[in-house]
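Listed below are the structures to be examined.
Consider the two complexes below, in which chain A is the common component and chain B and chain C are the respective partners.
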Partner chain A sequence: MICELVDVTKEYPMGELKVVALAGVSVGVDAGEFTVFAGPSGSGKSTALNLIGCLDRPSSGKVLLDGKDVATLADEALGAVRARRIGFIFQSFNLIPVLTAAENVDLALRLAGDTENRAARVEKALVDVGLQDYLHRRPSQLSGGQQQRVAIARALVKKPAIIIADEPTANLDSTNGEAILELMREMNERDGVTFLFSTHDPMVMSRARRVVKLKDGHVVGDERRA
Partner chain B sequence: MGLLVSLAIRNLGRNRRRTLLTALTVALGTALLTMALAMLNGIFDSTIERGAGMVGHVRVVNPEYARREQLMPLSDNLPDPAPLVAAIQGQPHVLGVFPHIAMGVTAARDDQEIGEIFALLHGAPAAYYTDVLHLDKQLAAGTMPSTDKEALFGIALLEELGAKVGDKVVLLGQTQDGSPGRARLEVVGAVDLGNRMQNRQVWASLAKVQYVADLDVGATELLVQVDDYQEARAIAADLRQLPALQSLDVHAWDERAPFDAAGALIGTIRGIAASLIVFITGLGVLNTMFMSVLERTGEIGVMRAFGLRRWQTVGLFFVEAIAIAAIGGLAGVALGSPVVLFLHRVGIPLGEGASKLPAALPINQTIYPVLTPQILLTGFTLGLTMALVGGLLPAWRAAGIEPVEAMRHRR
Partner chain C sequence: MLFLLSLAARNLVRNLRRTVLTGTAVVAGVALMIFGWGLIDGLDDNILRAARLTYAGDLVLRPDGYPDDGLRFPLDQAAAVSPALTAKLDAAGPWTARTTFPARLVKGVDAQRVFVVAYDPATETRVFDRKSWRLEGSWPAADKPEIVAGSAFARLMELKLGDEVVLEARTRDGAINALNYTVVGVVRTDNTTMDNLSVWMEAPAAEQLAVLGGVRTQIAVLPTATPDVAKATLAGLGWTPLTLPEECDDLIAMNRIRRKSISVVVGMIMLIAATGIANTVIMAAFERIREIGTLLALGMPRRDVQLLFLLEGGVMGLVAGVFGAVLGSSLVLYWQANGMDFSSIVEKMAANMSMSVVVYTHFSWAPTLLSLLFGVVVAVLASVWPARYASRIVPADAVRAD
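Here is the complex of A and B:
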């Protein structure tokens, strides 16, 4: 198993009250999976994704990555784990506006301290997502769909253990959303890249090979498809 | 590091108007600072240096004279200064040694009764008046004296006396034993030192004042001129080691009143002025850098998610601040320098008040700012400091951004 939440609880303070985002959740993801955390707003799917992505720490329980508990790591060490082992795709693309598509992808390698043969790897990643003609365009010169493709290339280029995508099609129209999903699915099937999404979009859920349903901070379903 | 520099430089261009505004703030602060420092330098150079020369870069006196010097006690004199002059002359850094007597007198035109017009009478070699005080260049009328019967008079004193060049003036003082001493001198030159208190003095020959004070060949002090007045303390310390001077009081200008306090005062004023300007400009930079951090919270979060370390985040904003400061600092120096050079040419009038300061601390009514490479460097360095002061807090704030918080902010 690449990553696993073991009896994880996550509470957020809200004034004098505590909001429980996850209540004793245990769920794991194997290599090569194309999994969706699904559920309505407030179900805890983004929180679960943040924990697996080492962006946040649990209030209790374990977050295992390659069998090691990363919840207890110091900030710097956690940053290093994110830089080398996890790729992120965000709903709002979140490209750095002053960098070109190639430089945005290159940034992920540089922050990971991965300096080997960078230029060629960056180009290949962008070619893989169909952006061979847009290497030197800045985000403002690209469409939403193209920006999300750059974000996918950025997540892929360092060959992470898992790519975490938080509602990656939410800001795209249905045509672009489907194309992006198709691209990710293709990468999963062809190269064995592990994807973990959060979504409440039925179209995204229909493409997943595994759907973990969350509600009110609990796992209420775990459906695997052929 | 290359990544941070490249990103920082590009970030400067994403909101050009704000970058220019911040650089302008630094530029104005630097220009203001350059002008303030040049002005203080002008005061220091034109006034303190001249004052230091007047009182001797290094002074040698009888220790008893030093103890009671406010009374100018003629009895505590150096009765035979010639061997002392010979011992000091030829020492490293020494340009000249001048026996000097200063004494209080009352003055009157020779056709008037001695009244209550007081003046300070100096007796020194002619070379002291020309080479150190440059009185020959400050003559409002007449010429330099050529005999013991002639003297230079300050224009304020002449005005009070109702005298002019060519008139004779009687000076009445006390000899070293308290007996009356008298001199009748012809006014051959009227001197304007730009300061009313200084313009109430008389400069006569050493022999004439020795006669009035009944000092034979003696003097009350030896004024030593050196090649660098700012090194006078070290030179005074060396001179104290000379056997001929070991029983005497040997001190540099800035070890004696009023300059001992003035040096520290100018240093303090310079420090306060610089700190205030740095602080105020720093606030301007702080404001715009904070806006920049707030706008880029989501972006910083993304980069943190991709592994940007805290120190790298601080570095990113610091490099931006330094780049802005470098541009602003250079522009500020370029902006301030011509103004200073112009003011150096025309001078800055300080008004009548300056002329009422005591003659011992002569402030000219007009000061001339002096620009030096050191001031330009200080201005530029403090320009950098302004940006760093202003950039520090925002950079710290940016480094504290947690990726997960930034993600929420982005939504």
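Here is the complex of A and C:
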């Protein structure tokens, strides 16, 4: 198991009240999975991804990454874990606007402290997502679909344990969304890259090999397909 | 670090208009600081230069107890130059002695108070090369009743070359004497006191007018040794030696006050600049919350995020500071070469100051680099709080911010 939530709760303070985003969730992800967290808005999908992605800490419970509990790590250590072990793909692409496609991808290697043969690996990652002709474009000179491809290359280039994608197709039209999903699925099948994402989109769910259903902060279903 | 620097620079370029607007205050502050200091240093130089070239040399001696206010020249406190002092002066370097005493110049029905500057024609030019003076006409011929008038005084009295005037003076023993003179020259030394209030004549002519008996009121020396060394050898012989900076200390002190007021103005401009920079950097942080969240999510350490924003402020300060330094030193260098002519203002004030009306600003590296450094430091300090804010963003929320 690469990562696992063990009886995790997450509460957000809301004035006097508390919002319970996750109410005792246990779920694990194995290497090579292509898993989606599905569920209605507010069910806790993003919250669960944030915890697995080490972007946040749980209110209680354990977050295991490679068998080690990261829930209690300090900010800097958590950052180092993210830099080396986790790839992110965001709904709004989140490329650094002043950096070119290649520089955005390079940034991930730089922050991972992974300096070997950087230029060649950056180029390969961008070629792999079909952007060989766009290496030196800035994000503002790329379409949404192209930007998300750069984001995929940025997540992939450092060979993370898991790539976490919170609604990666939500800001794309259906054609581009499908193409992006196809690309991720291909990388999963060819290179065994582990993907974990969240979505509302039935198309995305239909492509997943495992669907974990969340509702009101609980896991209410876990379905595997061939 | 280099990467963060390049990222900071690109972020500044990205919002160029705002960066330029913010930087302008730093440019102004640094430029003014350099120019202000260059001007004051120039004024200091100028005071010393005017004194050196017109009456003091590098070392000036007055009879013990003689007032050095430049307003009164009492003949009864003048003194002879003793053989002992003469020997010491000869050993010290080129020197000359003058006698300045009050008189009344009468031209037709007009009369005006004036100081007669009586110089020794044999030694005067050993100390004062007169190169910076502008003479119209000629200096008095030996043994003739001729005078040269200070330029502003000549204008006041409407003196023209060839005019016949009468000088009335009290002799050293108190009798009134009056003699006829011909104005043969008009001189502008740029020492306003002398140009406003003086007429010049050779010592033998003054001897006739005021029966001086050889007394002198000041001695100017260009010592071959340093002025301080020469001063020590010349002390204790009935005359008080002062080095040039000592002689001019009251005027230099006035400049110190001017320097302070310029510092206050610069401080205020820098405060405005600092506010602008703080505002720009905090706006940048607010606008880029998602970007900061992304950098943190990708594992950039918080202190690097903080450094990034400090660098944005710092680079802005540095670039603006360099522009300000170039602007400020260009002004200083220009007026160092060409001089700022204050004659019209000074003549209107009829100021009684021993300084030249043409001010040459003074360029030096130390204040220039110091001002530049000051600009950078102010910019970095102004960015501290915004940078801290940026680095404290929670990445989980920030990556989704819009």
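Observations
Definition applied: the second predicted complex is superposed on the first by the 226 of 226 C-alpha atoms of A that agree within 3 Å, B and C clash if a C-alpha of one lies under 4 Å from a C-alpha of the other, contacts with A are read in each partner's own complex, and residues count from 1 in each chain.
Please note the rule applied: a contact is a pair of C-beta atoms (placed from the backbone, for glycine too) under 8 Å apart; a residue touches a chain by one contact, two chains touch by 3 or more.
Not measured: the values here are computed from a predicted model.
After superposition onto chain A, the modelled positions of chain B and chain C overlap sterically. Within the superposed three-chain model, A:K213 lies out of touch with both chain B and chain C [touch as defined at top].
When both complexes are overlaid on chain A, the residue A:A83 reaches chain B and chain C alike.
Legend: residue contacts after superposition of the two complexes on their common chain; A:A112 is shown touching both chain B and chain C.
Of the two partner chains placed by superposition, A:R149 touches none, neither chain B nor chain C.
Of the two partner chains, neither chain B nor chain C is touched by A:K45.
Contacts of A:N94 after superposition on the shared chain: both chain B and chain C are touched.
Contacts of A:K10 after superposition on the shared chain: neither chain B nor chain C is touched. Chain C is struck by only one stretch of chain B after the chain A overlay, and of the options 117-125, 171-179 or 243-251 that stretch is 117-125.
Across the superposed pair, chain B and chain C both touch chain A at residues 50, 53, 55-56, 75-76, 79-80, 82-84, 88, 90-92, 94, 96-99, 107-108, 110-112, 154, 166. Chain C makes touch with chain A in their complex at residues 3, 7, 10-11, 13-14, 290-291, 293-302, 394-396, 399-400, 402. Residues of chain B touching chain A in their complex: 3, 7, 10-11, 13-14, 298-299, 302-310, 402-404, 407, 410-411. Residues 50, 53, 55-56, 75-76, 79-80, 82-84, 88, 90-92, 94, 96-99, 107-108, 110-112, 154, 166 of chain A are the ones touching chain B in the complex. Note for the complex: chain A touches chain C at residues 46, 50, 53, 55-56, 75-76, 79-84, 88, 90-92, 94-99, 107-108, 110-112, 154, 166.
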